[in-house]
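Quick one: the structure is below, questions incoming.
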Amino acid sequence: MTSSILELRSVKKKFGALTATDDVSLNIQKGEIHALIGPNGAGKTTLISQIFGNLTPDSGEILLDGKNITNTSVSDRAILGIGRSFQISNVLMDFSVLENAIVAKISHSRKTFRFFKPAFNDADLIDGGLAILKRVGIEHMSDRHVSDLAHGERRLLELALALAMQPVLVLLDEPMAGAGPEDTVFMTKVIAGLKGDTTILLIEHDMDVVFQLAERISVLVEGAVIASGSPNEISNNTLVREAYLGSDE
Amino acid sequence: MILDLLKKFTTLWVILFLLALFPIFTAAFDLPFWNDVVMRIMLLGMAAMGLNIVFGFGGMVSFGHAAFMGIGAYCAGISQYYGMDNGWYQLLISVITCGILGLVIGFLALRTSGIYFIMITLAFAQMLYFFFVSLEQFGGDDGLIMDRSDFIFIDLYEPLRLYYLIFLTLVFVSIVLMLLIRSRFGVILQAIKSNENRVEAMGLNPLKFKITGYVISAVICGVSGCLFASWQEFVSPDIMHWTRSGDLMIIIILGGLTYVAGPLVGAIVFLLLEELLPDLLHVVFPSIAENWMIIFGPLLIAVVLFGKGGLMGVVGNRFTRPAARKDQ
Amino acid sequence: MTATLLLEQVFNGLQAGITLFLIAAGLTLILGIMDFVFLAHGSQVMIGAYAASAVTIATNNFYLGILAAIPITFFCGYLLEWLIIRHLYRRDHMDQVLATFGLILFFNEVIRITFGPAALFSNFPPSLAGFIEILPDTPYPVFRILIILVGLVCAVAIHLFVSRTRVGAMVRAGASNPEMTAALGINIKILFRFIFAAGATFAGLAGMMIGPLTSVEPGMGEPLLILSLVVIIIGGIGSVRGAFIAAIIIGLVDTIGRVMLPMLFRTFMSGPTADTAGPALASMSVYILMAVVLVFKPTGLFPPKGA
């Protein structure tokens, strides 16, 4: 086995009578782009939330780089190196683009309990913020207010914020949802450019994007992983075709 | 840095400047009564500025901050009762007591959110209110009559000494707030208000920042209360009645909750209305002159329904922005 | 303390608890379903008390007073929702706190102007002024028994309505998940207005019944409002069952504390000091109870299922 960055061991989660995550075991290799696909309501976001710590599994274990993080808080997981973009874009709406990046920069510096020096005209923080924006190619919109941004632009900003912590693992929950075709192409390029820098677990409905980006794919149906493998293996898997690809298209 | 602050918080500096000169005005027109009104404005404005750290900048609707004013006032009153007249010590005791209480209450209350948070802060305030009602030794319900505290070098019974003591404290609190709001800490606090999930995803524990903000705001309210005791020469549980917590929130909303100067503007408007509405009503409807609240209540509803951003929002730029932004 | 006195205090506590429940029942639904912080609910109590007292004094008939006051409070609630409240549902909590705080000020002044600042006194009819022996040698006022009975009947009616009827099912769905109610295509506007007016009526009824026992004066609703908020928080926002249990607990703790604590204190401090400290500490105990509950169960004892 090559080194795995994230390992799930029989993770289970129930909401009342509904089994949202059914005994999921999963291995994400260091440096790969791993796609998690499945029909609506398969429990993809629930699974991601457990990896990120917004939800705690009923049973099972989650290991990040060999360290058990099953009961670690969201903020501590972020410090350990997990970044996330949410399904509904999740940025600081009352701030400008650069200010969003500066807040991320402050968090990353860990020097947060400073009460006197103004943050938004600190030259170092501005440089750091611009560098964060540059990573996804949006430094030109640094002065714009987030409430004026288009949907696709917000998704890019969110990706930039997730990357600002220099995570070892990034969870992307439908980064293309609601974006126009041009934005999708741009976003795909940005994500492809991250290959090698970090590990990415991607939830996405757009199959073209998935097959373009992913090195490995896992298929989640009704809370359970029914197949895991290379894009080729997945597209030829009869089980997957029946359960998912056939019925959805 | 001072020059930087001068440029960025113009409204606040203009108000402070006018407050500094106000006694000259009252002396010229022989209106000493208005010095008293303005001292009250400054004290309530100061407390509201403190509350606004959590309320406006941190997005936490605390319905119990008058309790910290009350604690500050009782720190002065009880110290004096036991013969310790030194105002500086009383201030120090107020700061320490409110800091510790703020930490304990904040730690417990911030486990909840939404309506539960509003109500638990109210509950703690009521608890303290009834605690002081029960303290028969310090007057209970009837309160404790006291002298103005003894601030060494400053005899508060000399004309205007109390006025300028309050004024300088207000200036100090204003400067602290202007720095705080634009600092890394202040920026993160506003980020938490904007989107707590995102801040958490950035690896920060929002609770730590909220509690810290809560403690700072409690201390400022305590300082205001400590001076309030000297101004009123009397302390009673009334200072921490739950309606005063409501008043503080009204003051903030009236002025504009995303501005450092907002609460001060709000306090000016609120207390001027309180002074002037009865006079105005006396001219128009003499029979209900005492019932000025019948105008004030609906006015409040109208401000909520139609006046987003408060007076600062109407007078200043048309968009409310975090105070940390460059162009406030 | 004699058993007789204790029993009497338990009944007083029940009566206070039942009164609190009548106020809290509607308010918990307003907070839970509409996510609306409504502080002027105490004014509904005051309106009910004034309406009943005024009519009673004018006609010299207590029953007529109650009969007239019920539609008046319903109409007040209905009108208030239509005029102001419905514009505030989508606002954040701080806006709601302020606007309804403004309503309190307004209602208090209206009452003060109309009826004057002094308290209004109305007597209940002689037929209700007697005593009944709840145990041998333990007489208890008939009027208070009546309050307990009326309150229990209302509690049962509210319970049956919420748990057995179709509209009640919508209400329950709304309490645990407001979005879902909207998704079901239920006419939310009408449902909200109805709950609001019904809540106002029950609060008003509480005011009508305690009117002859306490002083009917401007601002009389606020202490009751704060206490019923405590009840709602302890019971779990949106839970009628929780409100009932919490109301009884609070009623008993507050009433018995007022009597017992001074007695307890007298054993180790002087009489007058104990007499003033006791009741205040009894009031405090209610809030301590609430804080303790929230620290251990941040959403109250009986949060509605699914919340």
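The chains carry the letters A, B and C, assigned in the order they are written, with residues numbered from 1 in each.
Note that contacts are C-beta pairs under 8 Å (C-beta built on N, C-alpha and C of every residue); 3 or more make two chains touch, one makes a residue touch a chain.
What you are looking at is a predicted structure, and each value in this text was computed from that prediction instead of being measured.
Q: Using only alpha carbons, which chain's centroid is the nearest to the whole structure's centroid?
A: B
Q: If you average the CA coordinates per chain, which chain's centre is most distant from that of chain A?
A: Centre of mass proxy via C-alpha means gives C as farthest from chain A.
Q: Looking across all chain pairs, point out the one with the most C-beta pairs in contact.
A: Top-ranked chain pair by contacting C-beta pairs: B-C.
Q: How big is the gap, in whole Å, between where the Cα atoms of chain A centre and where those of chain B centre?
A: 43
Q: Distance between chain A and chain C based on Cα centroids, please, to the nearest Å.
A: 49
Q: Go ahead and note the Å separation of the Cα centroids belonging to chain B and chain C.
A: 32
Q: What part of chain A is in contact with chain B in the complex they form?
A: Its residues touching chain B are 52, 54, 73-76, 78-79, 83-84, 86, 90-96, 99, 102-104, 106-108, 111-121, 161-162, 164-165.
Q: Over in the complex, which chain B residues touch chain A? Could you list them?
A: Residue list for chain B touching chain A: 4, 179-180, 182-188, 190-191, 193-195, 197-206, 209, 212, 321-322, 324-326.
Q: Any idea which chain C residues touch chain B in the complex?
A: Within the complex, chain C contacts chain B at residues 31, 35, 37, 84, 87-88, 91, 93-95, 97-99, 101-110, 112-113, 222, 226, 229-230, 232-233, 237, 272-273, 276-281, 283-284, 287-288, 290-291, 294-295, 298-300.
Q: Contact residues on chain B for chain C in the complex?
A: 55, 61, 63, 108, 111-112, 114-116, 118-120, 122-124, 126-127, 130-131, 133-137, 140-141, 242-243, 246, 249-250, 253, 257, 288, 291, 293-294, 296-301, 303-305
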